[in-house]
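Below are two complexes that have subunit A in common, paired first with subunit B and then with subunit C.
Let's turn to the complex of A and B:
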């Protein structure tokens, strides 16, 4: 727990010192907020969860662009603060490709940017640890943000046995620095 | 112990918005040592920004219709590219007219790119961004304010307030005029009384191309390269005392005002309708007045849709008078005085997008031209004479009437958000 707090504080302190909003080029990171849920009662109760944290995407590669993230996950509907969990992992953007079909709905030039990921969920009371594999097929990248709709996750325990699944309803990763 | 852990984690979660707010206030930064122009002459104030010794062909436009006519020429004569950064773009009569000119120019293989602030969506009328997209003109929005970015809320305060045109890497026009009818209409048709200054300077062009491309690439997925926008050598012979005071990640606006006021020996004119001074500024004016410097501040008398600024700026007018400043109110019945200038001793001149308030100093990208020389500044002096001849003094009694609750409320609101 203290490690998680220290880690998050360090990330946040780094963000606070950054040249945010376009002063550093290309963007290197920011923070994310996501709504998600899990079907694994050994990890979390059945609830809508909110996760928030920081991410780093140090490169701006057009394909296989890696990013890492770390944050906190909390069941909020219903609210259950005792189930607070640490969430961290890595994400690999497979490619960025122009999405002119999105131009019909949004005037920003967006790109389709699907990703695969792997990570970890750790209950801060020490009661559960899960490893995750994730796919985000419907992921849209704007200049200053990456939005994910309907991502999927598979959950595994420390022995590698499948324990359940999760779904990301919406994730907004907003670049800050 | 478990509860303690949960509390710690909750505290860490709480830190997210706190640090996000801190991140906000870290922008813009103070200049690093050595950032100020190194080539000031002995005895000259050490102004912040980029020294543009190669500046030449200075021209001024003091009404919207005057600049619109010049903009038509600039578009018509462009050969390679036009980069425009406009705080506001609007889909109204004059906005659509300018956009149509630009679209036609693009058909002649001239590249056109427009950067604009997201504030266009929060002023009267329709933002011009969807219209530009429909016309096929490349446009990008700085720091979008949308529901999808809601988590970035504190940072919504940070805006790109600059207005500049850059044509073929040779000509720069900067000032206070946006691309919409309120800026580009003549004053008789309720257009703002506002200014643009045009000049040629390779130094300024290089800086603005770099800044434009960086900002564009931060918010658009259609990336640009600065090297694709060549800047030919400037026409000036060098030696001019002119600076591009460009607040783009570094805090230079407050320093510019400080250095200008410190240089004053006889008379200061602040044409600053959005002036919302803090105590330090009022104290500085008090010291200047006590030392015999005449401090004049010219406000607008008409506000169109911006009457909130009448209240916000009114609240401190009595304090300014008591500090020794002479306040004036421009008397045009229709035209809002949006012109932002500083004239010191008829020797130092600053013109551009910068307001003398907290927002410009801390929460906006800004762009001014500052120069020395009565001859170069003669058009600004003549224009000032015209403005003052159509202005009336603001008396202590009048200013005392601006101390009501509504004035205080708008002062507090617009101190950050104005």
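Let's turn to the complex of A and C:
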């Protein structure tokens, strides 16, 4: 509990350093695409997967800003259309703060927006259902887009038993509406 | 070569890069590139060309002159078994348009040699039709790169696609 309090204070302190880019944003949602893979062969065969869908981020809070997403996920390398899956979930941006450590490297103003998430993966042939917990520590907000490098997920079955893990190499979420 | 681990290479380059001046007007000389990497079969070789899984590519590059780019990189399998398959490679690339301060768009072509964990050697020729940014911007998006990969031992050719790559230059 004490740790949670310290963590919360740190998040709020970080968030207080600047205004959320989203405060002035005219968007509430958009399109995302990601490359990912999962170690749980009970869910999907070993493959590189592509996932795409829509997301909604209705608020513009500087901390604990929620978003929801829904899309499809397909193993593409090797291509296996029979393993098409539905991907649903929610993502919580922990804070949204200027990233001075990126200023030397980038021309554009970027903001560090790490996130935690929870979701569900469901094979459309009905053969598997998994719940996911996700962490995206290297998540960068740049104007009308949010980019994630190197996200990590844990997979659980319907009984709550750990079934493996997943990795996201790259995810781009582009605000469209 | 086989025991080379990318984090060590990246750490070494980042430490080196830290001492270099980062200026808005000067072209950077060193960079780190991370990209997606997808292997696909081609034509009359329908079987999947590498152990299936999620791969990524990461490397460090040196950009002497206005067009040349030399890169040391790795393509590890991340999922399901991290580093159970890894290709370490060296690439020599050419920016098709001269790198200039006011040029934001470019294209690159390169050839590379990849060396796998089990001694497998591959040769690749890659074209990246869209490079946005560059060493003057200290950043570049590399989009929709495609490589033809030749496996001389098995006598087959396959594809490697890199949907998105991000380069940060120092």
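We adopt the following convention: the second predicted complex is superposed on the first by the 152 of 177 C-alpha atoms of A that agree within 3 Å, B and C clash if a C-alpha of one lies under 4 Å from a C-alpha of the other, contacts with A are read in each partner's own complex, and residues count from 1 in each chain.
Everything below uses one rule, namely that a residue touches a chain if its C-beta (ideal position, glycine included) is under 8 Å from a C-beta of that chain, and two chains touch if they have at least 3 such contacts.
Note that the structure is predicted; figures quoted are calculated from it, not measured.
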| item | value |
| --- | --- |
| First (subunit B), second (subunit C), both or neither touched by A:76 | second |
| Subunit B or subunit C, by number of subunit A residues touched | B |
| Which of subunit B and subunit C A:172 touches, first, second, both or neither | both |
| Touched partner set for A:58, first subunit B, second subunit C, both or neither | neither |
| Contacts of A:46 with subunit B and subunit C, given as first, second, both or neither | second |
| Touching partner for A:31 - first (subunit B), second (subunit C), both, neither | first |
| Residues of subunit A at both interfaces, subunit B in one complex, subunit C in the other | 107-108, 147, 172 |
| Footprint of subunit B on subunit A - complex, ascending | 1-2, 4-5, 8-9, 12-13, 15-23, 25-27, 31, 33, 52-53, 72, 74, 81-82, 84, 96, 98, 103, 107-111, 124-125, 141-145, 147, 172, 174-177 |
| Subunit A residues touching subunit C - in the complex, by the definition given at the top | 35-39, 41, 45-49, 76-79, 104-108, 147, 149, 164-167, 169-170, 172 |
| Footprint of subunit A on subunit C - complex, ascending | 22, 24, 34-36, 38-41, 48, 51-56, 78-81, 137-139, 163-164, 166, 168-170 |
| Partner subunit A, residues of subunit B touching it in the complex | 2, 5-6, 8-13, 15-16, 19-20, 22-24, 26-29, 129-130, 133, 140-144, 148-149, 151-152, 155, 158, 214-215, 217-222, 248-249 |
